[in-house]
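As written, the chain order gives the labels A, B and C, with residue 1 at the start of each chain.
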């Protein structure tokens, strides 16, 4: 017994027996997927650019400062991406625009996650009438094109960056409800959930402690893939003039502004368009990679 | 060996080795197995999870997935035909025609979108080149043979219960009258009374068709019911083999003894179970000496040094145990 | 000390299905003394698992009384029931799905202790976890491992430690060894037996394996399609089985010995659907001794010898 005691304190002190986590497992799988790694690197670069842009650029001068003398210049060594109709450097605006587009995408997905997981998990766990009502509302949501839905929300709430995020978020809630409910339904019947009930754990805590952590992986995949579509949805709204108000350099509104000049100055739309494409593509590649890494059937 | 005798041998395996090269290391699933099976005989391949029983069967069917599986073998003959050198398209002819396999889980072995009749007829059309009509007719015969009315040929697998499905699987396996049948835990998923029915059926069919069979199982009770010979596997090696009487009544290997001692004795309910201590060794890191030595009550230093070779005790009985170097040695088990 | 711990009266559990009412457990009554083991035997679909869950109110019974230490737990509120759960635990069949893959051994075993606020201090809780691990024979170094790193036998030990954590009086063991290898099976059975002696536990042991219950139980209850067909002390049941189903079941056990060759009673067909059952002996369609009046109603459970109950028209 004596030795046992000392053993135990030693263990605690050294925190022995730490082990490989699931995250490390995922990383090991992910590392072997070239597409996912390219996506990951691109996304990190884009995020870094977005974070560092205030240090690189002076918002008032480089991004929104107008210079009529320099208007509509094609790409050159001074302006790599050319200038727009107000003489602003498109490269600077695209770089700074990453802040808006990413923020809109990420926040919108968080909004959708918050609504989706709560409703989906509750629907899956409680079942019965409640589940039916939630799922039918979910059907209605998915039958309305998400842009239309977002337009409706923005029109109702008024035009601002935050409302744009909210609108895109609400419009993309339905898939999260579905994913969360399906995951909960599967896990609900696992014996460890029953074991938790057998020790007297209340339902809300079972959902929180046992069910959500186990369906997190599927939700993360869905979230990664959805950030891309949220960015596109936000760009569409901005393109329609319902998004981030001018003169902020959101990629969608840059596309929209460049539309009139597309015949003669196509680079005005080309570069923001490329930026959107690249971001969404890398997010999708990363999302697919994570999905494969999490799929136990693909484990080798 | 005379020619006559050689003809009778259905399965001949020499030095079969299978390893799976995974990320976490090389899993040595089968480490040098020799098996000989004569016509009309049934061999029980006994062992616990991870002993390499199923891998051995897959290797016989040449179905070990590659990668990660790597198969090495000196000789693999079925009915005198060398299977090792056959190209894939010839193998397809061998599978089903010469060897077929019954899998453990009848629920997943049948395709849910075809009727059971079609599934039996399919292999007949492929292997025996029967017309669709004849194949259907034969499929009906096969169903009757396994105790299912032929009218049910037009039903789908989900309309059958577990025991019935296993009968269908048996019918498919026997449809082309193979020389060798590999049954991988055919009754484990079934209830006791249904298991009894299926075992009885397999015994009857074996008689009728002169089929040789390898029955893979962990259940020594089932072995006693259907097998003529037994091979006990541990960590990818055969540790004891012989006739049913050899292994059950003249047990010699400590592992086999341990298996028997782990079973509750139906005659003496107060007898304490004597489980084998410890766990199966890690197949990526097998011990240098006898794989069973770390769990063996009789292990000596000699057991830890070198892998024991199979030694003949009698004409039929062979064991791999170093302890028998000492002529005085015997295990505790007495026959009940 | 032969005192009744559990008394189940007229327990019923029906499930509504699209094809009609499924009689999972159909009016069963039994009682269980402290420190004893009741073996619940039957084939898949006979309602043994549902009975086990209903007794713990993990499944809400359709009707009936479950008296635990004289108190009807069916009448407890959700809150009172949660407190009651300390005394009644369950060990599951599948050592893989019964442990949360995202939690370490430490978290799994300490959960019942922290959830019921038995030990609040984190360090003391860890000591208790280590103590429990020692009790069930798990090495201390495994405390921070995850279930998927361990083999079935060790996982099953974790499940047992979790059930023991609150020092329950009753444990329902739902096929605790049927997913394990023979040599591991024996280790777990011996462990359960030791724990019973040491801690005065009472078990309901659910299984389809008669040779295991024979070794393990004091009393055996055979179920068929939601009803008890025979109930007797173990010795008695094995030496003097009366119900035709029990006899068939006993004869179907494959015995790993050559000296013994028995006459096997082969049952025809398979278990009938438990949906919309007719008012007759449930076993009649498969019974080899079935006579006309077997179809006239459901046979009552009658005591034929002291402690030996049988539900069969022919043999009573």
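Please note the rule applied: a contact is a pair of C-beta atoms (placed from the backbone, for glycine too) under 8 Å apart; a residue touches a chain by one contact, two chains touch by 3 or more.
The structure displayed is predicted, hence computed values, not measured ones.
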Most contacts: which chain pair?
-> B-C
Compare the CA centroid of subunit C with every other chain's and tell me the farthest one.
-> A
Find the geometric centre of each of subunit A and subunit C from their Cα atoms only, then give the gap between the two centres in Å, rounded to an integer.
-> 48
Mind checking the centre-to-centre distance between subunit A and subunit B? Centres are C-alpha means, answer in whole Å.
-> 52
If you average the CA atoms of subunit B and of subunit C, how many Å lie between those two points?
-> 32
Along subunit A, where are the residues that touch subunit C in the complex?
-> 7-8, 11-12, 16-19, 22, 190-192, 194-202, 210, 213-214
In the complex of these two chains, what residues of subunit C are touching subunit A?
-> 53, 56, 58, 81-86, 88-90, 92-94, 97-102, 111-112, 115-116, 123, 126-127, 130, 140-146, 149, 159, 162, 165-166
Name, in rising order, each residue of subunit C that touches subunit B in their complex.
-> 43-44, 151-154, 181-187, 189-190, 208-212, 214-216, 234-235, 238, 248-249, 251-259, 264, 266-267, 270-271
In their shared complex, subunit C is touched by residues of subunit B numbered 48-49, 161-164, 191-197, 199-200, 218-225, 244-245, 248-249, 258-266, 269, 271-276, 279-280, 335-336
